[in-house]
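Below, chain A partners chain B and then partners chain C, in two separate complexes.
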Partner chain A sequence: MEQSGTSTRLQAAVQDLASGVVSALRGGDHAHVVPPAGTDGEAGDLALAAVRVLGADALLPGLLSHTPPDPAELAVFRKAVEAYPPRPDAAPTVRWSHWAMARTLRRADPSSAEPPAEPDTAWLDGATWQVLTHQLAVLAPLALPGEDCAVHRLAQHRPVDVARGFVRAVRRRDWRQAAGAGRWLTLLPGVPDTVGLESGLDFVELMGGQDPLVALQVQAARRMRMGARG
Partner chain B sequence: MTALAEDLRTVADGALAWVDAHRAGFALGEDALAVDGEVDLSWKPLGELAQVCATVTRLTEPADPLHARARGLLDFAWQETHEGELFLRLQRLEPFATYPLEVYAALASAGLRHPAFEQAAAVVARTRGWRLTEQDPTRRLGVLRAEERCGVHSLGQAPPGLEQTWLGGLPEPWTFGRDAGYALTHVVFHCSDWGCDAAAVPPVLVAYLTDWLPPWLDTCLEAGMWDLGGELLAVAAVVARTTGEDPPADAWQRLVAARGPAGEVPLDDRDLGDLAAGPGDADGERYFLHHYHSTLMAAFAAVLAGARPDSPPARAAAGHRYGGQGAPA
Partner chain C sequence: MRTDEKVIQRVTGIQAADIEAALDPVEADGVYRDSRQCAGLALLSGGGKLLLSPPTPRPKKG
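Up next, the complex of A and B:
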C-alpha cells in the first residue's frame, strides 16, 4: 500500500516536472523547472527521483535556447545523476538514459566529470521496427539536434522503421510512444514525406496532450523543427 | 518447402476446402431476382466467390489441386446464374444498377461469358446517366474495371478517378482506419485486376504501400481484424509481385493461428464465443456469414503470396530502397 502510494506520488512529481518543462518550451524563456535543492526528507527524495525519471529532458529548455542553466537547478540535476547510477544489471535504456543525463550535465557545466563511456546498442541489433520504435521513444531525450551517439546513428539508418512505429503508436493510441517517435522523426533524414509529421504531431497533441509527458515530446519536436528551419 | 511457403499452402488449401464444403451458402436462393432481394446476402457473396476463384485459376497450374477446386467452384457459380441468363433478367429488372455487371465481370474474367448480356450492358453503359451514377470513388473504379472486362470500353493506363480515392490521395498513414482500409484494398484490387496484373498499380502507390502496409497489417492483426488483415495481406502480395519482397512471415503465422478447425478464417474476434457456443450452429447461416468473406480473402491472399513474382529481379531492387529496413510486419 505504502509502496503504491509512493509510486503514485512519484508519478505526480514527474508529471509536475514535465509540465514545467512544457511551459518553458512553450514560452521559449528559461523558466526554472527543476525544483530547488535543499528540500529534505521525502519531498526532496521525490523531487530528485522525478528528475531522474524525466532524465536529460529536465534541462531541455535551457539546452534548446542555449541559455546557461541556473546554478541551483544544475545542482539538483547533478545530485540526481549522482544519486541514481545504473545498477550493473540495468536495462540498456536505463544505462543510456543515465549516460544522457551525465552528458547533458557536462554540456551545461563543462567543469563536471566526463560522462561515462557510451553503452552499446547491441540490444537493438536486428530489432523489429516495433521494438526499435518503442525503445527509441523511451530514449527520446537522446533525440537532440547535433547529437552524435550510437543510438542516434542507429536511428539514422532506420527512418522508415521509426515512421512505421509512429503510425503503429497512433493506431494503438499510445500517445507517449507516438510523441517520442515523432520527436525522433523530426531529426532523421529519409523519413517519407507522406507520413505528414507536422499534422501528426498536432494530432498526437490533440489526442494525448493533456499528459505532460506527451506534451513535452511534442513541444520538443516542434522546437527542433523550428530550429532546423531557422 | 520453407515454413512460410507451408503456411501459405496450408491457408490456401484449408480456406478453399472450407469454401467448397460450404458452397451451398453461396447459392443464390429464391429471392435472387426479387425486387427487394438482399443483394448483400445473395449476389455479393457469389460475386466474391467468383472473383477469388478467377484469380486462383489464373495464378495456379492446371495440375494443382487448388486450380481444380477453384475451377469447380467457378462452374458452380456459373450454374447458379443459369450460365449468365440471370444477369440478363436482372438487368431487365434494374437496368441502371451496377452490381449485375460487377458480379458478371468476375465470371467473365474467368472466361465464363454471356454475349447477349454484354451487348445489353453496353447499351446502358453508353448513357450519360450510367456514367454519372453517384458512387464513392473506390466503387467507381470497380465499375470501370468491370466495364473493361466486359468489353464496354478500355480502362487505359491510369484509371480515372484514382486520385479521388483515399489511397490515391496518399493520405497520412496514421489516419488509417477500418473504412479507409477496405477502400484502399479495393483500389489495389481494381487497379491490379485482382492481382493478375500487379504491374498496373502505379509506382507511386507501390512505394507508398511498401512504406505503410507493415503498421496497418500489424495493428489490424493485433486487433483480431482477420478479414481486413487478409485483404491487407493480399495487397502486400500484389505489391510484392512488383518489388520482389518476401511475404511478412509473422503476419501469416498470426493468420494461420486465427483459423477455425476446418481452415475457415473468422471476420474478426467479436461474437466468436457465441458462435462456438451455439450447439449445432457450426454449419449454420450465422457461422457462414461470419466466415465466408474472410476465408475467401485468406485463400486469395495466400495464393497471391505463393505465386511466382511477375517481375524480373531488376525491378525487385526498387522494393529495397531503404536497404532492407526492419521486418515487414
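Up next, the complex of A and C:
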C-alpha cells in the first residue's frame, strides 16, 4: 500500500526515536532519547507525534533502570500525551496506548494528573491466538514487570496462545510482531520451554534487528529477563 | 479540533488519523523463510529446540 508523505516522515521520526531508546537500553547515551521541548518547527512537531506513536516506551530506559527521567524529556512526553488524546471512535490499541502513556507519566511524575480509567478488553474476548498475538505485540509497551492492567491479566491467562503466535510471527518473518510477542512471553507465566524463547529472540534480532522498532522490543525483553533473574 | 492540534497539523500535515493509523496497524503480510534462513535458524537453535518444523507440503506437479 502506498503511504502518504506525512505517514512516511512520521514513521521515520518514530524509527529515529526508537533508535535512541535502543541505544539507551544497551547502556549508551540516555541524554537525548526524547528531543527537547525547545525544538521548534516541523522537526519538533514531528518529534512530538513520534513520541505519541512510540508511546510509553519513549521513557522505557529510565523506567527499567529506575532512574528519574530528564525534566525536559518528561515535558515533551507530557505534551505528547496532552496533544494527542484518543478520539472517541479510536481503536482499542490507540486508547490503551494513550492510557499507558498517562500511567507512565504519573509514575514518572506523581504530581501529574491521574491516568484515565482503563479502557476495556472486550475486543479481545474470544480473540483467536493469531489476533491476540498481533494486538498484544502492538501493545508491547504494556508488557512491563509488575504491570497490573486488564490487558496484562488477559495475557497471563493465554501464555500458550501467545507462544504459538510468537512462533507463527517468526515463521511469517513478521519481526515486529515476533519481537513484541517475545517481550510479552518474557513476563508471562506458563510459557512452554519448547518455544525456545531466548534463542528465538536472538533469531528475531539477527533477522529483523536493523529495524529499531524490532531492536527496541528485543532489548526490552532482554533487560526484563535480566531483571527477573536478579 | 483543538487549537494546538490545528497548529501542529498546519505545520506538519500530521493529523490525528496518521497517528492513530500508526497505533492500530493491520497485520503485515506473511513472508516465509527460504532454506538459507532455515539453516541459520537450525544453527542458532543448537539442540533443535527452536521453532523448527518440517517444510510445508507442496502439491506435486503433474
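Here is the rule we use: the second predicted complex is superposed on the first by the 223 of 230 C-alpha atoms of A that agree within 3 Å, B and C clash if a C-alpha of one lies under 4 Å from a C-alpha of the other, contacts with A are read in each partner's own complex, and residues count from 1 in each chain.
Everything below uses one rule, namely that a residue touches a chain if its C-beta (ideal position, glycine included) is under 8 Å from a C-beta of that chain, and two chains touch if they have at least 3 such contacts.
This is a predicted model, so every value here is computed, not measured.
When the two complexes are overlaid on their common chain A, residue A:A91 makes contact with chain C while staying clear of chain B. Touched residues of chain A, counted separately for chain B and chain C, are more numerous for C. In the superposition on chain A, A:S7 makes contact with chain C only, not with chain B.
By the touch criterion defined above, A:A49 lies against chain C but remains apart from chain B after alignment on the C-alpha atoms of chain A.
Once the two complexes are laid over each other on the shared chain, residue contacts for A:G200 go to chain B and to chain C alike.
In the overlay built on the shared chain, the residue A:R173 is in contact with chain C alone; chain B does not reach it. In the superposed pair of complexes, A:T128 makes contact with chain B only, with no contact to chain C.
By the touch criterion defined above, A:Q210 lies against neither chain B nor chain C after alignment on the C-alpha atoms of chain A.
Legend: residue contacts after superposition of the two complexes on their common chain; A:D161 is shown touching chain B, with no touch to chain C.
Applying the stated touch rule to the two superposed structures, the overlap between the chain B and chain C interfaces on chain A comprises residues 130, 167, 170-172, 194-196, 199-200, 203.
Those residues of chain B that touch chain A in the complex are listed here as 170-174, 176, 208, 211-212, 214-216, 218-219, 222, 322-323, 325-327. Residues 4-5, 8, 11-16, 18-25, 27-28, 30-33, 37, 40-41, 44-46, 49-51 of chain C are the ones touching chain A in the complex. Note for the complex: chain A touches chain C at residues 4-7, 9-11, 14, 41-42, 45-46, 48-49, 52-53, 55, 83-84, 86-87, 90-91, 93-94, 97, 130, 134, 138, 167, 170-174, 176-177, 193-196, 199-200, 202-203, 206-207. Contact residues of chain A toward chain B in the complex are 128-130, 132, 157-161, 163-168, 170-172, 178, 190, 192, 194-196, 199-200, 203.
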